[in-house]
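Next, two complexes with subunit A in common: one pairs it with subunit B, the other with subunit C.
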Partner chain A sequence: MIHIESILNDGVKTIRVGGDVDASSSIQLDTEIKSAIEGGDKKILVDCSKLNYISSAGLGVFMSYIQDIEANNVKLVIFGLNEKVLNVFEILGLNQLLKIENSTEAAKAYLNEI
Partner chain B sequence: MKYKYTASCSKDQLKGIRSFVNESLNNHGLSDIDISTLVLAIDEVCANLMIHSHHCNPSHHLDLIINVQTNKGIGFDIIDQGIGFDINSYSEPSVNDLIERKRKGGIGLILVKKIMDDIQFVKINNKNTCKLFKKLCVK
Partner chain C sequence: MLSRKAISQFALVIAVLLWISFMVSDMFLMFGNTSNIDSGISDKLPDIIFNLFIIAIYLFYKFRIGRAETVNFTDLLWRIFVTGLICTIISFILKLFLLALEATRLAQNILLLDFVYLINLVLITVFLVSTFIVWKRLILYQKTKFLVRIWNTFEYILILSIIYSALPFEIYPNLTLYYVVLLIIMGLFLSANMRWVAYLNFKQKWKSILLIFLTLLYLGYFSSNLYGLINAENQFNTNLWDNVFLLSLIAFIFIYALFSLLVILFNLPTSSVFEKKLEEVVNFQKLSQSIQTDQSEEQVYNILLESSVSTVLADAAWIEVEDQNDLFTENITKHKIDKIKSQIDENTEKGNKQINRLKGVGFKSIAIFPINVQSQQIGTLALLKEMGDGFDKDSANIIKTFVAQTEVSVENSRLINQALENERYKEELKIAKEVQTSLLPDILNKNEQFDIKAFSVSADEVGGDYYDTYQINDNLFSVIIGDVSGKGTSAAFHMSQMKGVFQSLAQLGLSSKKFLINANNAISNCLEKTSFITVSYFLIDTEKKKIEFSRAGHCPTIYYSKKSNKARFFTNKGLGLGILRNGDFHKYIHVNRLTYQPGDIILLYTDGISEARNKNGEEYGYDRIKKVLDTNTNETTTIIQERLINDLYDFTGSSFINDDYTTLVIKFNN
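Take a look at the complex of A and B:
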């Protein structure tokens, strides 16, 4: 089961994702990210500190917005991945294509870079 | 040592499949990362079969057999009676192609091929078996 919530604070949209993102639940992650990008959010933090599992369905959601992120000058940063979840990103090299940070502080610092 | 699990072809069954694989492999001296990577591969194959071969019909079933072979590795047989799908005949797109086309699907089988050492598809009568093997030093 996925747990997901979004909060807008000081111009930063934080999307907290917890639980399991698989073929049965990735649609909810997609809905939140789509809503943020199409809603004009320019700074998006994806907090995965309570994410236990991600399959290709979840990776596919992030991949499908890479072009929109670049085209719309959106800064999207993922942080808080546990070792197992980070490993899934690394198998396909997505850690090179998406901005991933270890901590909240590092993620926020990236958003505030000019 | 062999383990067997049967699941209906509904995506809400994937979590149970993952738990089964995790628990079955837990006492064979594997690292957490090795186990989680194998769990991922089996989840991907099962999700693919449920969606594309069975159209998520919960009255259909698939069987998963795990065969832990000491000092050799782990075999996984995923058996179903749906539309046969040979993973080896699937020409997967590149990650860059998928990004350019903004596709959300298509990477599951790339993951499976990267994770597993051997993949075979066997069809006998109406029964399909996807045979996966991972070489690992297991107890």
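Take a look at the complex of A and C:
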């Protein structure tokens, strides 16, 4: 089961992702990120502190926006990954292409950099 | 056994012969009497021959006239009518002949009168027996056991009367009378059986009335004619009124004809109702049968349309099947339907409805019935009548049962189609599985320096895990293990693309980094946006005893070194193929180089193993994989692979893992 919600606050779009992101639920994650980027949000915070498991399809969603993020000058930061999920990101190598922070503060600090 | 036809023909021949001998013997006797010459034959002989003749005629008709069925009641009656007509005409001609001779002396000739009388007697016998057999068929239509017993008794007593008539003496005074009365009472009882009348339609009833009426007329004519002849010269040898059999037969036939006539007459007014009910049943049966037979949906709708229209006598109707955009119509145009629909839409009620105030379309009332399949409305049946308030509750109920039957038929036919389609998909998947299984190599390239063993299982029919080997030259081997993101059919397609990429690039003998860069370029053009492939690529040089390998986002390789007696993970950097589709991919690839020693082991696997969960939701994890290797370093590749998979199954509690999982073990020999 996936739990997902989006909040827009002070120009920062926060997407909270919780539960398991598998092949079928990854579509919801895709929809949220897509609407944020296409909606013109420039600062996107992906809160994964409640994320328990992510499958390759879920990783594929994050991966598919790497080039869109660069092209649209969007700052997207993922934070709160637990050890297991972070390991999955790292093994695939996505941590080299996506900004991943440990804490909310670090993530917000990154968004507020100029 | 002789056929019915043969028996009846034989009986006919016998009957004709008996008829001739009856005529000759009787005339001979008569001649002897009038001339006072002893003819030398008993006066009982003609009687006996006549009774034999009756039996022959009886047999003839018994085998000639078949069983009564719903379709042939009027045919049976028609047969009597024709027989009666022919007999009457012959008898009439004889009468005219006698009239013409009235003035002459010949008319007084007792022999001639006897001849005419005998012919008439034979004619009435034929007519009576044939009618009797038809009556029998009609009475025994839908017979009960009890009825059959009564009838058989009746028939035996009748036949017995033939023998009785032939007796040369009277057993008991007035016995003949009692005998006839008994038969008449039985005949009365049997005449109450008229089930066949109910199955006649209106037209057939009228026809039957006419035919039975004519039968009665013939009967009256014959009886009076014979009576007249007997009265005129009461000295014939064979007297009709002495013959219990014929007398009872006349009485019985008369009674049954009269009863039938009255019953049919009284049934006339209700026959249309009965006919309608019968039609409903037939229509319902038609619809029910459409469940079993493989009729198409279209045929089922057509049956519904026809049945409904004929049952409630609608003037027009249509069936609209919304989910297939089909329209079936009866006596109505599409244009008119649209016009009527615009009037219905004002009335927004759902479900069955009736409107009695249609305007400007030539119809006043309409009844609408929804057709639901799998609790979804798939269409509507609309019935129209020119008169207002044309649909009562009864007809609505009937149509509802028709619709319900149709729903079952349609659902059935759809389910069958779905099942067939599923079966086809399954077949396709089976083929896909076979094709894909052939993509994973049966035999892995190796030489005496190392052993290699692979094991792979897909969660679905087809999967996205991949491994392969290629021998570049005598001493140079390339090995790959890969995992396509996602699973199932799309993963399987990408896996086959990866196979193509590996087979074409491996033979170039590229370095591991070059291989991955080229593979990334090639595969990026083939994958959709959210898909990627993780691989680990190995070059094994058995001459220099060197290994070079790179990781493209794949699960870290576990390497056991015999020398240090330790296994470790190679978690250096890497990036899955297809993630970065521009030229920067090379920045993320690391190359490992090492020299192997005999006894060293490389253990490769996909995330199906490391991420397999037990029922508590725990993952199998890298450490458990490593532990299996640690404890089995002296074993062969096959045993290491088996131990790993068994340990995995022990952990998960079953051999069903909801992902593709693969392992590849390489061990260097001494």
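Things worth noting here:
Note that the second predicted complex is superposed on the first by the 114 of 114 C-alpha atoms of A that agree within 3 Å, B and C clash if a C-alpha of one lies under 4 Å from a C-alpha of the other, contacts with A are read in each partner's own complex, and residues count from 1 in each chain.
Rule of thumb we're sticking to: a contact is a pair of C-beta atoms (placed from the backbone, for glycine too) under 8 Å apart; a residue touches a chain by one contact, two chains touch by 3 or more.
All values reported here derive from a predicted model rather than from experimental measurement.
After superposition onto subunit A, the partners subunit B and subunit C occupy overlapping space and clash.
Of the two partner chains, neither subunit B nor subunit C is touched by A:103. In the superposition on chain A, A:83 makes contact with subunit B only, while subunit C stays out of contact range. Contacts of A:91 after superposition: both subunit B and subunit C are touched.
By the touch criterion stated above, A:66 is placed in contact with subunit B and with subunit C alike.
In the superposition on chain A, A:57 contacts both subunit B and subunit C. After superposition on the shared chain, subunit A has more residues touched by B, the comparison being subunit B against subunit C.
When both complexes are overlaid on chain A, the residue A:112 reaches neither subunit B nor subunit C. Using the contact criterion defined above for the overlaid structures, shared-chain residue A:30 touches subunit B and also reaches subunit C. Shared interface residues of subunit A, touching subunit B in one complex and subunit C in the other, are 23, 26, 30, 55-57, 59-61, 63-64, 66-67, 84, 91-94, 97.
Those residues of subunit A whose C-beta lies close enough to touch subunit C in the complex are 23, 26, 30, 55-57, 59-61, 63-64, 66-67, 84, 90-94, 96-97.
Put simply, subunit B touches subunit A in their complex at residues 11-12, 14-15, 18, 32-33, 36-37, 40, 43-44, 47, 50-51, 95, 98-100, 102-108, 110-111, 114-115.
Here subunit A touches subunit B in the complex through residues 1, 20, 22-24, 26, 30, 53, 55-57, 59-61, 63-68, 83-84, 87-88, 91-94, 97, going by the rule given at the top. The touching residues of subunit C, when paired with subunit A in their complex, are 483, 485-487, 529-532, 534, 552-556, 571, 573-576, 579-582, 588, 607, 619.
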